[in-house]
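Chain IDs A, B, C and D follow the sequence of writing; residue 1 opens each chain.
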Amino acid sequence: MSLRFAPEWQTTRWFNTPEPVTLAGLRGRVVLLHAFQMLCPGCVARGLPQAQRVAELFAGAPLAVVGLHTVFEHHEAMGPEALRAFLHEYRIRFPVGVDAPGPQGDPIPRTMRAYAMQGTPTTVLIDARGRLRRQVFGVHDDLLLGAELGALLLEAEHSEQRSQIREEEEGGGGPRPECDGDCCSAS
Amino acid sequence: MSLRFAPEWQTTRWFNTPEPVTLAGLRGRVVLLHAFQMLCPGCVARGLPQAQRVAELFAGAPLAVVGLHTVFEHHEAMGPEALRAFLHEYRIRFPVGVDAPGPQGDPIPRTMRAYAMQGTPTTVLIDARGRLRRQVFGVHDDLLLGAELGALLLEAEHSEQRSQIREEEEGGGGPRPECDGDCCSAS
Amino acid sequence: MSLRFAPEWQTTRWFNTPEPVTLAGLRGRVVLLHAFQMLCPGCVARGLPQAQRVAELFAGAPLAVVGLHTVFEHHEAMGPEALRAFLHEYRIRFPVGVDAPGPQGDPIPRTMRAYAMQGTPTTVLIDARGRLRRQVFGVHDDLLLGAELGALLLEAEHSEQRSQIREEEEGGGGPRPECDGDCCSAS
Amino acid sequence: MSLRFAPEWQTTRWFNTPEPVTLAGLRGRVVLLHAFQMLCPGCVARGLPQAQRVAELFAGAPLAVVGLHTVFEHHEAMGPEALRAFLHEYRIRFPVGVDAPGPQGDPIPRTMRAYAMQGTPTTVLIDARGRLRRQVFGVHDDLLLGAELGALLLEAEHSEQRSQIREEEEGGGGPRPECDGDCCSAS
């Protein structure tokens, strides 16, 4: 099975970074993309703290943690100024982009649509070559997430040394439909 | 030592109740007033869940749990529409009032000022006669909070049966200055 | 409804106290009796820590926390020397008595039988006059336990001042049959 | 730096397995060896649950979780019968060996000595070729443990396909001296 490349994200503005962050610009690094909403209980209680811990624990590794504010409900309550205050109060340090609004009549923002995310929190793992390797809707298990990151980081390291990564991989996983009840579902 | 009566709260609007809730109208019931801000991490993670559990566990007792949104920072991010969405997402069912803005130039809202609250979360216990018995800044311990509620409820029950409550009580406690670090401090 | 007096406990030895502790000797104090087994997961993870927190938080109150090792299974693995090591490693400081073995053929020890305990952990609340007021099988909720302790302490205080406690109380509660699954059931 | 091979363990008996488990017999599989004592609070509360979750989450992977009961204190309280009851009550399903007692006068058992473990809990990771890759004293972080397991599993898979693993690796990590306070230290 061929792996598909992760779509470039479409955003309107960024926090915690002097420049917009692009997926293309992160080539060579493993990427953890964390899609959240500031009023989503499961994101606040578990998803964002997990993303923050990944950012801290793997600070020395070729890994980028990127947040994406994918608002698909309560738009009036989660504007950029509210998000700015939220990121400040919750001490979130990694770059966070605001997902671009969908076209007329679509409450789902564009990146969320492009990745076919089911809701928030959603965790996406992208390998160092830009390929989508894992997408989990709901809170992801620490041990499993660690295992996936460890494998992607080792793979990236080998790839760099040998330039001989296999094009085919087992799975890569589509969205996991289960959710532990703390999720905000888009449909 | 005489106990002072808790000041009536001053609010601009209410959620989760068809009518505004007044302190005077709760005479005869023990009151737990929980002052919070929707972007205060300690409120969201621990204070509000505790208030909700009190509301559920003591549902049959003469006890009222009342929330008070005391916004003293990031005002633009925590308006009534944002609060409405927040209460919906976090499934908070008890009545919540919005503390009235302070006079010109004062970022501290009026009820918060009247109670001399230091920040959020703050838990206030008011006895069945309307007297301020306990005010805790920061997350309050479940066992201690339970003990205080149990004593106030028993006292209220005896009072009703005998109309002979002592006017003097040991303490009643002003605000406790300690905070475990998860608080939003007003100063 | 009259409240029954709690039966005196029957023990073979004690830890963390120079003298055996008797229920009669605790008259005038509220008593929390915590029945546990050192190999009971629910006791170790939740029951004993809760009892310890009560002992610490109410250190200044007329309240005694007493442990009772009610072994009804795996007797060979939970003898006095094993218990001594356990109490040391888990830093349990309150007095702990070893429940006396049942008569020939009865695996249930004597105090456990006298209180008709269903298993471990079991928390028993005894008022300052020695009356059994509450018995909970399984982990007890912190807020509810606090409320019960607060009411019993206030009652004891009033009683002392006025010597006029009501003989009748609402309930007193027999064993609660529910258990959250972490209990060791005797039957 | 060359990696050293993990020493074979020395045991007197086993639980949860029909046959003794040897390290040599696990060649080709990644091994998580969890050294614990049944009366060590940090092992019971966190180390053993983590090992159990690894066993469950990676049930389909070429990974073996093995427990080792390394008793270096309170020997009389942690004999084989006590351990049998403990494993039953805590529902531990993976194979557990009893570390062989040290020679005359040495309270440290033999495998614990051979690995120079500092106390319990200790988590040891051994790669599919039998080499010692990581040894952590104290509770190990879920995300980091997951990352290490993920990397070792990927490495094992590549190794099998290509038989060309690098003999030299970065580190492998000696014992981490820190402990979060819940550990039982051997010295």
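As a convention for this text, contacts are C-beta pairs under 8 Å (C-beta built on N, C-alpha and C of every residue); 3 or more make two chains touch, one makes a residue touch a chain.
Here the structure is a predicted model, which means the values were calculated and not measured.
Taking each chain's centre as the mean of its C-alpha atoms, the one that lies farthest from the centre of subunit B is D.
Subunit A and subunit C have Cα centroids lying 50 Å from one another.
The centroid of the Cα atoms in subunit B and the matching centroid in subunit C are 34 Å apart. For this pair, subunit A with subunit B, the centres built from the Cα atoms lie 38 Å apart.
In terms of inter-chain touching, the protein chains here make up one closed cycle, each touching precisely two others. Interface residues of subunit B, counted against subunit A in their complex, comprise 39-41, 44-45, 73-74, 76-78, 81-82, 84-86, 88-90, 184. Residues of subunit B that touch subunit C in their complex: 50, 53-54, 57-58, 141-151, 153-155, 158.
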